[in-house]
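Before I ask anything, here is the structure I am working with.
Per-chain numbering from 1; labels A, B and C assigned in written order.
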């Protein structure tokens, strides 16, 4: 519906409004601090709850993960692939643990589902790659992401 | 005709106008960024000054794709039609008063045509052909829509632009821009011992506002950039253009801006007439110098004043662009025909009456 | 008929039925651990306690036969409290290793703990731990998880007919183990894993392969012998992970033998022939081989169609029709288990499920009028099998196999056209008692296997349509 707004006659050019608008932009031009962050040099502080690159927590060089498959179960993007096996020092361990980062949506549900505090999301957010990459278990074990 | 001096003037104007483009590119990008609380391109060179230069280099080296669906001949011609008239208009604009030097009379104007202003309008309206041809040759609905809008807009606003200048012509009884600039040096009235010059803006305030708005519309700058209309026409008439062809359109826009600023300055802000304080500065610095030096200094100050005024208006173009949003097309037409046109007619009648009464 | 009331619902029952079964009929779930419908009742887990009116104490629903006019309440506060206490008691020694345990997801203890137990543990004592003995190739034992329901002991005793599992020690340290620590000897060991309500006994074959909740379940019938046990095949993403028995009171009740349970491994073997295989060429295609097959059939003097009695009725009929129309002079006969050529020779191998005929459809072949294959020499022999029938010794110059073969078997043929296993096709099989049952397609075949009917159809197409692939 067209709503007719009554404007005073001198508003034909909206001169006063235009000038006040110009003054506002000039105020920003001259006085306001810029919000830009100079990325590679300056970095934003992220909270510890930030959900970045995944890693598998280890205790005494043994991965916490027992390949219970709760993370692939809960994963909405179906990007986690685990193959479980048995070894002498551990009843069940992930022989293969792959995360397809391109499919991952970083929802953090895997972290929440994990009963062993094994899969975690770190603070690392610089994940641009040249190729399609699937994170293998070795990489996941190495990453500590500043935690 | 003194050809060496003429060629020199042409060279100065041409180089000056070409230099405007990268400078304005820088000003526009950094200026808009700061207005929006950003930083803008600041990585290349000090304060990002070299960014504009690199942009130029990028344009030069970009692949010029031959698009099969376009009309190649017109497609190639269009940007030149847009950019050449933009340069040509500057021929009649005086950027300083004349002086005698080495026994010659040197006027700082490429051509002091009798039809001055009319020439400006005639050539400036040629530029729109570039846009229309570009839109048509692109063989693209958006482009064609953009160029159609452009032509409608040009016709509507050229009318009020022409009419709003008639007041000035009446007041100074000349079409020559040189005469108009000179005329604006006359005393208008005196306030507390200060002589206020007869600048166009003072004797024609309404005319100035109308002319300024029309000029914005003529240069396709916001809030009148409907031919481009990113949100609805993607990029309008230059949608299919890339590399140097696009750069020519880009150049045309900025040179048009420069020319429009020069026109506004010449018609309403005393042209090369010195800014307040400059005569005093001239007197202090060069009062005791030789006559020839004094003359050169005077011309320098005048050119500086002219440039400062142009710079202000060019900054105004940028400033307005990042302040005011775009018109809707019906609003644009409504404004052009129902507000601008009657007001400019009124201005003509009013000025004519005042001139008849001998007030102006 | 006598009637009783369970949670306000009146139910008719037959004399002697216990409360658990009656309650299940009206949709009231009484949690149980030690009770199994196929085993004797011991009432020792105390999980099924219910309140029965006019009885002073809570009663075990599994061991209490319903009487006329009995009023049972399963949701009263005292019952809930009893269940929670029982749950807590059972979990005192149960390790918290559900992430590792193969049973999780289908575990009675897990489910009942969720439904009736508490999320908190009051006990702070250390849990008992055991060193486990090897239980043979089928069962993996983890005594830490055991809740002493003794289902396994009773199964061995009552169903498998071997008393090999016993409980040694007492109380907390009760250890359910085999006598003298020997490996399990029964042919029905897989059932130990099925009936175990916790992860104490699990299948070695299925160990850590897949979590239970990922599996899709298709009801089917075992094609391992002429018993025709009802099975449920668990599979995901085109591969079968295990076979479980499906309750079928007339045939196999609750049980399944190990041979039938691990039958699917044969269909998934690595060296199964999945592309057209010939003795001479490694780049044979379906189109070429069908063409050659057709001309071989046309030129051959004496042809025999040997049909394995592990095929479905539909496939057998298709072969019959094909032979009558396209090779009327050919000999047609069935083969299967050596020595068991007719259903009269078939009989139970043991007292439980296993039959002597190791092919599922011997009865069906006879119903369709197939005769046992006689030994003779032929020009061309064409053998159809689904992988279960033992290949006959055939005297023939040119042998063609259609069906499931592993590479070693294929070498006895000149040409092998890969066809479907029992898990890759729909069909009907007739068991030794004449019961017709449906075989279900569980997974799609890998490679370029074609069904027998498709192969016959391609053969019957007399070349008007070229370019079969």
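Assorted remarks:
One rule holds in what follows: contacts are C-beta pairs under 8 Å (C-beta built on N, C-alpha and C of every residue); 3 or more make two chains touch, one makes a residue touch a chain.
Predicted model, so just to flag it, every value in this text is computed and none were measured.
Taking the mean of each chain's C-alpha atoms, the chain closest to the overall C-alpha centroid is A. By count of C-beta pairs in contact, A-B exceeds the other of the chain pairs A-B and A-C. Between subunit B and subunit C, the centres computed from C-alpha atoms are 89 Å apart.
With centres taken as mean Cα positions, subunit C sits 46 Å from subunit A. Taken in their complex, subunit A has these residues touching subunit C: 66-70, 73, 84-86, 91-92, 115-116. Note for the complex: subunit A touches subunit B at residues 12-13, 15, 18, 21-22, 24-26, 28-29, 32-36, 38.
Within the complex formed with subunit A, the residues of subunit B that make contact are 31, 33-39, 209, 213, 319-320, 322-324, 339, 343.
On subunit C, the positions that touch subunit A within their shared complex are 97-100, 104, 207-209, 211, 213-214.
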